[in-house]
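Lettered A, B, C and D in written order, each chain numbered from 1.
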Amino acid sequence: MSILIDENSKIIVQGITGREGSFHTKQMLEYRSNIAAGVTPGRGGETVHGVPVYDTVKEAFEDTGADTTVLFVPPLFTYQAILEAIDADIPQIITVAEHVPVHDMMKIKNLLKYSVSRVIGPNSFGIISPGKAKAGFMAHRIFSKGNVGIMSRSATNCYETVFMMTNSNIGQSTCIGIGGDMIPGSTFSELLPFYQKDDQTKVIVLIGEIGGIEEEKAADHIKKHITKPCVSLIAGKNAPKERSMGHAGAIVASDGTGSAENKEDKLREAGVHIAESAMDIVDICKRLL
Amino acid sequence: MSILIDENSKIIVQGITGREGSFHTKQMLEYRSNIAAGVTPGRGGETVHGVPVYDTVKEAFEDTGADTTVLFVPPLFTYQAILEAIDADIPQIITVAEHVPVHDMMKIKNLLKYSVSRVIGPNSFGIISPGKAKAGFMAHRIFSKGNVGIMSRSATNCYETVFMMTNSNIGQSTCIGIGGDMIPGSTFSELLPFYQKDDQTKVIVLIGEIGGIEEEKAADHIKKHITKPCVSLIAGKNAPKERSMGHAGAIVASDGTGSAENKEDKLREAGVHIAESAMDIVDICKRLL
Amino acid sequence: MAHALYKAHNVPTPDGIVIDSLDKLDEKLNNIDYPRVVKAQVQIGGRGKAGGIKFANSPDEAKKICKELLHSKLKGMDVNKLLIVQKANPIKECYLSIMLDRDYQKPVLIFSANGGIDIEQAAKDDPDSIIKIPINPLLGIQRYNIKYILKKSNLDLNLEERLFPVVKNLYELFIQRDCMLVEINPLAINGKNEFIALDGKITIDDSALPRQEQILNFREELNEEALVKEARKFKFLYIPIEEYGKVAVMSNGSGMIMSCIDLISKEGIKVGAVLDIGGGATADRVAEGIRIILSNKDIDLLFVNIFGGITRCDEIASGIKKAVESLSSKKTVIVRIEGTNKDKGMEIINTVKGIISVDNVREGVKAVVAKMEVI
Amino acid sequence: MAHALYKAHNVPTPDGIVIDSLDKLDEKLNNIDYPRVVKAQVQIGGRGKAGGIKFANSPDEAKKICKELLHSKLKGMDVNKLLIVQKANPIKECYLSIMLDRDYQKPVLIFSANGGIDIEQAAKDDPDSIIKIPINPLLGIQRYNIKYILKKSNLDLNLEERLFPVVKNLYELFIQRDCMLVEINPLAINGKNEFIALDGKITIDDSALPRQEQILNFREELNEEALVKEARKFKFLYIPIEEYGKVAVMSNGSGMIMSCIDLISKEGIKVGAVLDIGGGATADRVAEGIRIILSNKDIDLLFVNIFGGITRCDEIASGIKKAVESLSSKKTVIVRIEGTNKDKGMEIINTVKGIISVDNVREGVKAVVAKMEVI
């Protein structure tokens, strides 16, 4: 079945006429994703790789009934672009930009509770259900269809893991880029229920890292609600305190909040298998499947 | 069982040192409601009828763990008072003031989605579960314990109905004043599920009136989800169009939206018994019980 | 009112001057540019057709119009003020409004590229010509709202730069002034692609008037029925129902009043007016209420229906006694009182001559019917 | 920075003058009131203890202090600016801050009636002395928040009138300037019950700097490691990890970098620094990245680990070749590349002398261990 994205998803690309938007639209089309419309204000009526362009998200939504939008817009324009998508009632908003101001995401996250929308990202590679569709910019060639669901705060650690999985003939149901920011639109614990309900997913992998308490919340959720086997890798054990490790969200506070040790302890308590490396994830999945 | 208010409810009175607040605190205490605290800024440390007064709702909440607050504050101060209660995470906020500006309620209603609180009113007599507790200013002597749940936009039509019910030995489980304003904090359809789940309630009475589409929404909800017998009276059949009938919300638009006919039709379709008068409600309840 | 508020909130309007007396007309009218439009400031529909809008090409024409129009009557309303504005030369006229929508529980923005229309009629005849967007009150107006409006109306997307500030300012007015409706109709676009509010309407939430002092001043000028005003002094609500109705209802709550109207009307009897005396009825207030509603000459019969919750019935009865005896009116008064101290109240009522007392609403309505058959 | 921003946002601060040169000291210092406090403008903790805060009772004392302090060094930092402020006479000192809390996903207001404290220490020692309220970003600061703070701190409720505008303005600063933290410590209360920000700290969200031009200017003045600055020019991220670590890691993503640090550290080897070249790695950028990180003298070994998703491995390999050959460095370079065109890439890598190439991360770490044992 897979989750969030599949061959039936109708996708809008916001910022489709830009360099990145246009390039990845082509990539998504090649992967046979259903890109129903693009949006760039002032460019309505044009087409990009055969996809019709609209001036506003609301028009694009009304004409196509899209259920997902992917934002290829610069970080400082992301707030307005998400607002526009929320206001047009698009159910799923995927935002890939890095360096979106954290105040903007704070406002968005608080507004989301009033809306019908879910936001994935920012600083996310997107979502891919291998063999069905992708919405984002991930290197889709390394993915293969199968039964492992993956959520990751880091794109590179996810790629590395998926690459080795695929080489070991272990496929994926759906892979989601949570994004490496301080306030992600959707967190592990908010997305876990989808994997729990999904027939295709047999094992759930959470690739976390230092900073925040989302892995701890996920451990709580797993303990209470998840019956499928889970595997987790926490990156950043040896990162210095109070220094952001590139991802805005990957930072251990001076009081130790956000440390890898705490996260691993909580996950272990919840029965999650702890992996030490990407290769290790693959080895554990092999045993579990 | 009854709903929303009972002998275990812990109640705060905002504006307890005012004339109305103090008077109705006494009334509520006489009815053996558990009035845990009062709030009036600048009057913290005093007591009113033995009830301790606090300067802020948050303090009162932290010290007493109250679950309900009743606001005896003037209409133009209601917005701030509700905000303070929402921000202190009080689960139930009952607001009785008439003439609260509709923009204030619009903002509150939109904020509520983001909070853990429910607002009853404004322009409501409050909530009473006869024989258990009351939170509000209703004339409690006319109520009696029993199995009819009542929601009413009008206080007087509810009193009249309850008075005759009690005289006919038909008691009430819980009576809620929805309030006569254009944008009530809670509507019929939002409160119906509580009655449906309540063991004590055998019959549900909805006293509606012209204006808005809340009775229509209630009809939809009843059709889909309510298995208990329902009775409804719609007041204002003969009111002139485009003229507010005293309740800010009781107004039929020039295009006929909000007419009593439409409401009765929709309710009848949903299997609701339509009453022509308060006495009629009582007669129908007699048959149904 | 709309014109002044638009100006205060930077919603562009044509330059205009106000004339409220015929003094110094030369001084006021000789040194402005022409052509101009003279508009009578009265709150009536179809003002143009009624002769309330005239065109002046010169100071002399303007003066002549002022003399004719000022202090005249239009559809029965006094004209106490004229507004003399520049004549816009619109290349297009649109419609723009924001209303508080009770079902969305949000402000709704309404726009049409066809200005000067009756929006309700247009909504029936050509719904596609009207764009309606609910506005999230926590977000306010965003640029993409304007882009959407322009696209859907087949207008140039470049107009966004001009239209956005107009809508944003109108929205600020709507929020800050507690409006139920702000409407600009027509909203002109001139040769420079500027938007100008040629005419408009603003409705304010009654409950918010106490915090809208500036608007309260405007309202005082409005013509209202004398009895409505009189009742308001006592914080009573007097509502005219049907013309020439001979029965009046007085009660202490809107719901009960509506129910009484319904029950009486069902018997084929017209209710002429009602009066809601609200909560906390004292003897004096009850007496004032009866005095006011019976001063309506059409009324032959008054049904007083008071359900005293916390209020005591003897207090209410004293008020009724006082009013009926002092008025020495020959009008019929039917009384139903219920609640605390009902017995004491009934003792008082029974001492007043000419009052018909009943035990409940159903009996009250029967008594009204019986009495009206006789009258 | 804090002082200037507080002034701009009407957060009350003591009157002060800035001295950034020794010219015209007479003119600047003779005509102001005394006593004054002279503060060196450097971003270091424990500034007072380090001699960065001095008191002057007269113009002469002030001049003497200026001459000593300006252009001196404090804890290794250049003092290029002094602030000379009125000496406040606080009758009480409080603590006030607003920080963006990632777990609440809201701003959190923190207050304590004990000013001048180390807030983190106080949170451990006497948690009850610290009031912490999450602020709903859709509501902002409300008066009841302030009332609550005062009550909980056992301060006079009447101070609300004075404290509310201070907190409200501080909150506006927090929001408008994209702050992660605004802190006033101490926040003085003087004899007139006025609040004055005596000292403060402001941290800004890095991602928001492009829209905070004014603050960007402040930041340019900050002292930062030369290699961090050099890397930023190319939009690379250079992060120092452990002092005297001899191994460096270069990769194209934070997650992968953290994983590499973890795997190498697990073997008991210290990572000295890492460099993230980010997405879209071209040959030239790869070469620049290698040049920068190898210019750190402590580093003996570099592990380049690039997972090219869409990027081509031959492009990356060319960059590595270019860098290693042109640098003629004797440092060890271990390379792992993976992704599109890997074979072509490996062909290039194999032509470069002195590069150790590995097939995956595990092998890479093994190679690092083996090599470090030799060094």
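Some notes on this structure:
Basically, contacts are C-beta pairs under 8 Å (C-beta built on N, C-alpha and C of every residue); 3 or more make two chains touch, one makes a residue touch a chain.
Predicted, not measured: the structure shown is a model, and the values here were computed from it.
The minimum number of touch steps linking subunit A to subunit B comes to 1. Compared with subunit B, the chain whose C-alpha mean position is the greatest distance off is D. Taking A-C and B-C together, the pair of chains sharing more C-beta contacts is B-C.
Subunit B and subunit D have Cα centroids lying 53 Å from one another. Our note on geometry: subunit C versus subunit D, Cα centroid distance of 60 Å, whole angstroms.
Once the centre of each chain is set as its mean CA position, subunit B and subunit C turn out to be 28 Å apart.
In subunit D, the residues that reach two or more other chains under the touch definition are 136, 138.
Residue positions 110-111, 114 of subunit B are each in touch with at least two other chains.
Chain contacts here follow an irregular pattern that is not a line, a ring, a star or a complete set.
Interchain contacts (touch definition given at top) occur between A-B, A-C, A-D, B-C, B-D.
Considering their complex, residues 27, 75-76, 99-103, 106-107, 109-111, 137-139, 141-142, 152-160, 163-164, 180, 182-183, 207, 209-213, 233, 235-240, 243-250, 254-255, 276-279 of subunit B touch subunit C. Contact residues on subunit C toward subunit A in their complex (touch as defined above): 133, 136, 138-139, 142-145, 147-148, 151-152, 157. Against subunit C, the residues of subunit A that register as touching in their complex are 41-42, 44, 55-59, 80, 83-84, 87, 111, 114. Within the complex formed with subunit A, the subunit D residues making contact are 100, 102-103, 105-107, 120, 136-138, 175, 178, 180, 205-208, 210-211, 237, 239-242, 251-259, 261-263, 265-266, 271, 276, 307-310, 338-340, 360-362. Per the touch definition, subunit B reaches subunit A in the complex via residues 110, 113-114.
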